[in-house]
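Below are two complexes that have chain A in common, paired first with chain B and then with chain C.
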Partner chain A sequence: MDTPAIRTENLTRTYRLPRRRWGKAPAPDAPREFTALAGVTLDVRPGELFGLLGPNGAGKTTLIKILTTLLAPTSGTAEVGGLDVVSQARRIRPFINMVSGGESSGYGILNVRENLWLFARMYGVPTALAHDRIDSMLGVVGLTEKAGSRVSHLSTGQRQKMNFCRGFITDPKVLFLDEPTLGLDVTSARAIRGFVREWMKQDPSRTLLLTTHYMAEADDLCDRLAIIDQGKVLACDTPGNLKKRVQEYPIFELSLAPGSGGWAKLGDLPGVHQSTAVEKPESIEVKVALFEEPAIGAVVQTLATNGARILALKKVEPTLEDVFIELVGHGLADAEETTAKGAPADA
Partner chain B sequence: MPESPRHPATPSPRHAAKLFVAAALARSYARVAWLFRSRSWMIQETVLPVLAVAAFAYSYQAMLDPRSNPEVAAQYTGLVVLGAAMTTFWLNVLWGMGAALYWERDSGNLELFVMSPAPMMGVLTGMALGGMTTTFVRATVIATAGVLLFDVPVNPTSWPLLGLVFFLTLTALYGLGMMFASVFLRWGREAWHLVNLLQEPVYLLTGTNFPVSAIFPKAVAAAATLIPLTAGMDAMRQVLFRTPGIFGVWEEVAALAVLSVIFLFTARWLLARLERRAREEGKLTVRWQ
Partner chain C sequence: MREHLRTLRLAAWLGWQLETNWASPWLFAVYMVIKPVTGSLMLVCMFYAARYATNGRVPAEFLPYLYVSNACFGLVGTVTFGLSYAVVTDRERYRMLKYVYLSPVNFQTYFAGRGLARVAEGVVGGVLNIAVGLALFADMRRSLGGAGVDWPWLLVFLAVGVAMLWAAGMILAGACLNLSRNGMFLSEGISGVVYLLSGVVFPIAVLPVWVQWIGLGLPTTYWLEGMRRALMGPVPANVSALHGPLEAWTNADLALMLLATTAALVAFALWFWKWNERRAWQLGRLEENAGV
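Coming up: the complex of A and B.
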């Protein structure tokens, strides 16, 4: 059997909360501890691009800190490359790296190239090789012209791109990216996603663990995803399978010309599970949930024989956001959108 | 990296040594770069100490009257110049070493160092080497200015001995700095107060501006030699100005050598221990990342 690239078993992390603040006596019922991870069991295979999705405070960064040997677990075990993050941390460190989107690391007095070189040397990357890799990585993120600029003169996004490069220059076997595209412009984020995908293809023994709040990014990149909330894994599967979970029945949306008939009877058709419709001045919006996809033929036929004019017909694909909302109970967008999605028929 | 994560080889001692040196040199680079790129340090960190030297030098000259007592006056002025130059190292040890890891944590660099295979002692050595280099330049400027302005005679009994004492003083000082660094990593903000607390009394104990042996009782002076700055400056004074010291020069050299070894080993031990504690308490990283 292959050793998992990352494995955690019943991993728990609690933080002790300060008892006193500014000399005030603590509230008697104030909790002493906060549980950031509550029994996380995960298995990431070598070669996998694995995603972690979860609302703010879910424990994603905490998990990454444990896996990168920066934080000790309170209980349970965590292994990277088959090595224990506590007792064998030193042997893990040479082949991992981590970049986090919000990080402000680096030396302002150095320029971009020097700064990347400095951190490459911490992994023993020879200077000449480091410079080659720096050149190619700066090209990837479009920072070539800034190679000689002081780090203190970079914009937030540029600084983040520099740190993104830092993660790859040591050629890690297991890489952790904590919200790598946070705050980057659309083009840059896309370039970074493209590069990540390419990088994973180049060497099938590489493993990447990514957290993000962009559902499309997770859907687009990840082989498998874990959705975590309040320190617990709620689901762990491929994006495709996760999406299938939230949609039991195939759903189609039809737009009919005003005055069309036949839509009221759709719910009685044998292949149709449920049908809802909203009449608008410019169209009638019909949504049908089918037991089997081919039943859409009967739906269209019924409408046609009743003299309805179909303006548009499309299959509704569930998104990861639907999965997220269903599992976590609230979306990352505002609450209003959540209710709108929860009750589409009575808009 | 050729090894597979599934069968990572334990690094050979040679590889470990190479990584130590690589880390130390890389980290020192950032400090040395600062020396050349930061424009304001010249004024802040050399002109001001020279002014302080001037204040003491003039008061000694006023009291001792160089015309009737040229030797003693020159000695005391020399002492002040030496004190000012050596004090820059002490300040660098406190603020540049002691507070350094704390500062590195806040800027997000500490976690990158801890996460990397480079040994933390290598990173600290790099900070020390960088700090020594930049401070050496600063101290040289101060010493040269002092010597030229106040006519301090420079003819040590032995240049190699002076070099040895200086080297050992720095090793012991920076070893102490590395110890502070790991302690401050754990105590964070409270450590800040400790730095402030250490700064002034040390000026007094080490006899920055006056000969310790001439003023303190022998016991206090002997205890003060545990601060490497005291022993180092006392020995350097003996070599440079032939003043009587707390102990003999060679005894002080031996003390400095022993202190260096003790400090460096304690630093290593503390660092490993406190890094582990910090990892358990979640204090290696800042929370908002």
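Coming up: the complex of A and C.
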């Protein structure tokens, strides 16, 4: 078997909390420590695009910091490319890189090209190759005409795009992206997602660990996902399998013209698990849960033979958000929407 | 080794860009020339005031003494303070410290390069400062022109001195890794103490004996003495006011002592930096933004 690209075992990280500040009495019941990671065990294979999902403060960034040798683990082990992040950090660094979104880093006085060149050179990329890569990456994020601009003159999103380029120009084997599309406009975020997918395809030995708060992004990009909350992995699987967990039965929604018949008997069909209907003045909304997807054929046929007119038919997929809500107990969106979906709002 | 050299070059290039590529060349000129020169001129005024008040009993040699040591001392501030500043700004302003840290470059070598940029800046500043002094004051021309510059010794003292300043800078910058932005004030404070104790504007002989001993423990004391001698020759025998405890030392003695103290300082700096680096890694300070 291949060496896992990333492996953690029972990884924990606690932060010591300052108990007192000068001139302020210490709070008597203030906790001494905060556990950001509480025994994380993960295995990411080479070639995988692996996602980390979790609410704010779940420990995603902490995990990335440990894996990129920026932060010491408190206990447990973490390996990147089969090398230990504590004792072999130096050997890990040449083949990893990291980009964290939502921050405006960069040497303001240098221009975009100089900033990127500097980092490419730090990784030993020859100047000519570095410039080629810089050109192509700037093209990807649409920053080509800003190549000669001072970083201090860039917008926040443009800085973030430059930072994104910095992650790729060193051609890492294992790349960590911490919310890479945070705060980017829709088109740019899509271009970046497209590029990430392409980049992974180009070389099957590349591995990418991504955190995001955009469910669609995670669903769209990731081969596998771990959902973490309060420093623990709650689930780890492909997006498809995760979604299957929250919904055993495929669900279809049908809109029927008023006066249509046959819908009342749908629940008796052999392939149908459950059927519900709501009569509205302009339509009849039917929802059927099937044991197996092909049973939808029988449903449509029954309706047709009973003279029903189908206005619309669509399969309603459970989304990752449903999974997230189920596992974490609350959504990433605002509480109102969460309540509407039936999850406890105050969890 | 090749990687270290590359890192050194890149970091020095970056440092130099950050230092010199100022928004306005005027501001840069103020920083590079006007600030150090006005500092020196202030000392010159004090010298003339003292000379006037004592009816000329302050020897003329005092002026080049303090002017040259002060110009050399500029390098101490530039390098040591500059390294602390590099740590703090890379982390908090540019937010690049973590990206440098997780790159394959050796963290210490990177800061050695950043220090080199500061050395270059300090040397340029010092030379300009002395040049202004030479242009303005006959006493300066007499001292520096008299014995002539002893280039070999100057190179020796400059080379060892640079290592010494880098080590001192790394000690302070190492502390800054774990001290947030306030750490920079530490550098300033210590720089002030060193200014007082290593005989910059007066021979340390005027200090109480026990304080002199502290001064004699500082490599900067030997370095400044060496730099002065290399630039102006030894203090003339008849100017007793400028004689200090190092009077009888030969240049070789001074250089050896400087080398020994520097070696100790470098060893300590290397260890202390590593210790701080590890601690910052443990506490998560490499990318922490103190927000103060």
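Things to note:
Here is the rule we use: the second predicted complex is superposed on the first by the 305 of 347 C-alpha atoms of A that agree within 3 Å, B and C clash if a C-alpha of one lies under 4 Å from a C-alpha of the other, contacts with A are read in each partner's own complex, and residues count from 1 in each chain.
Methods note: contacts are C-beta pairs under 8 Å (C-beta built on N, C-alpha and C of every residue); 3 or more make two chains touch, one makes a residue touch a chain.
Model, not experiment: these values are computed from the prediction.
Overlap between chain B and chain C is detected when the two structures are superposed via chain A. Of the two partner chains placed around the shared chain by superposition, chain B is the only one that A:Lys173 touches, whereas chain C remains out of contact. Which of chain B and chain C touches more residues of chain A: that partner is B.
Look at A:Leu83: by the touch rule set out above, it reaches chain B but stays clear of chain C.
Contacts of A:Ser205 after superposition on the shared chain: chain B is touched, whereas chain C is not. In the overlay built on the shared chain, the residue A:Tyr123 is in contact with chain B and with chain C. Once the two complexes are laid over each other on the shared chain, residue contacts for A:Gly102 go to chain B alone; chain C is not touched.
Residue overlap on chain A between the chain B contacts of one complex and the chain C contacts of the other covers 15-16, 65, 68-72, 90, 93-94, 96-98, 103-107, 109-110, 114, 118-119, 121-124, 166, 170.
For chain A in complex with chain B, the touching residues are 3, 5, 15-16, 46, 61, 65, 68-72, 80-83, 90-98, 100, 102-107, 109-110, 114, 117-119, 121-124, 166, 170-171, 173-174, 178, 205. Those residues of chain A lying in contact with chain C across their complex are 15-16, 65, 68-72, 90, 93-94, 96-98, 103-110, 114, 118-119, 121-124, 166, 170. On chain B, the positions that touch chain A within their shared complex are 1, 3-6, 8, 10-11, 15, 18-19, 22-23, 25-27, 29-30, 33-34, 37-38, 107-109, 111-118, 123, 276, 279-282, 284-285, 288-289. Of all residues in chain C, only 3, 6-7, 10, 13-14, 17-18, 21, 93-96, 98-105, 281-284, 286-287 touch chain A in the complex they form.
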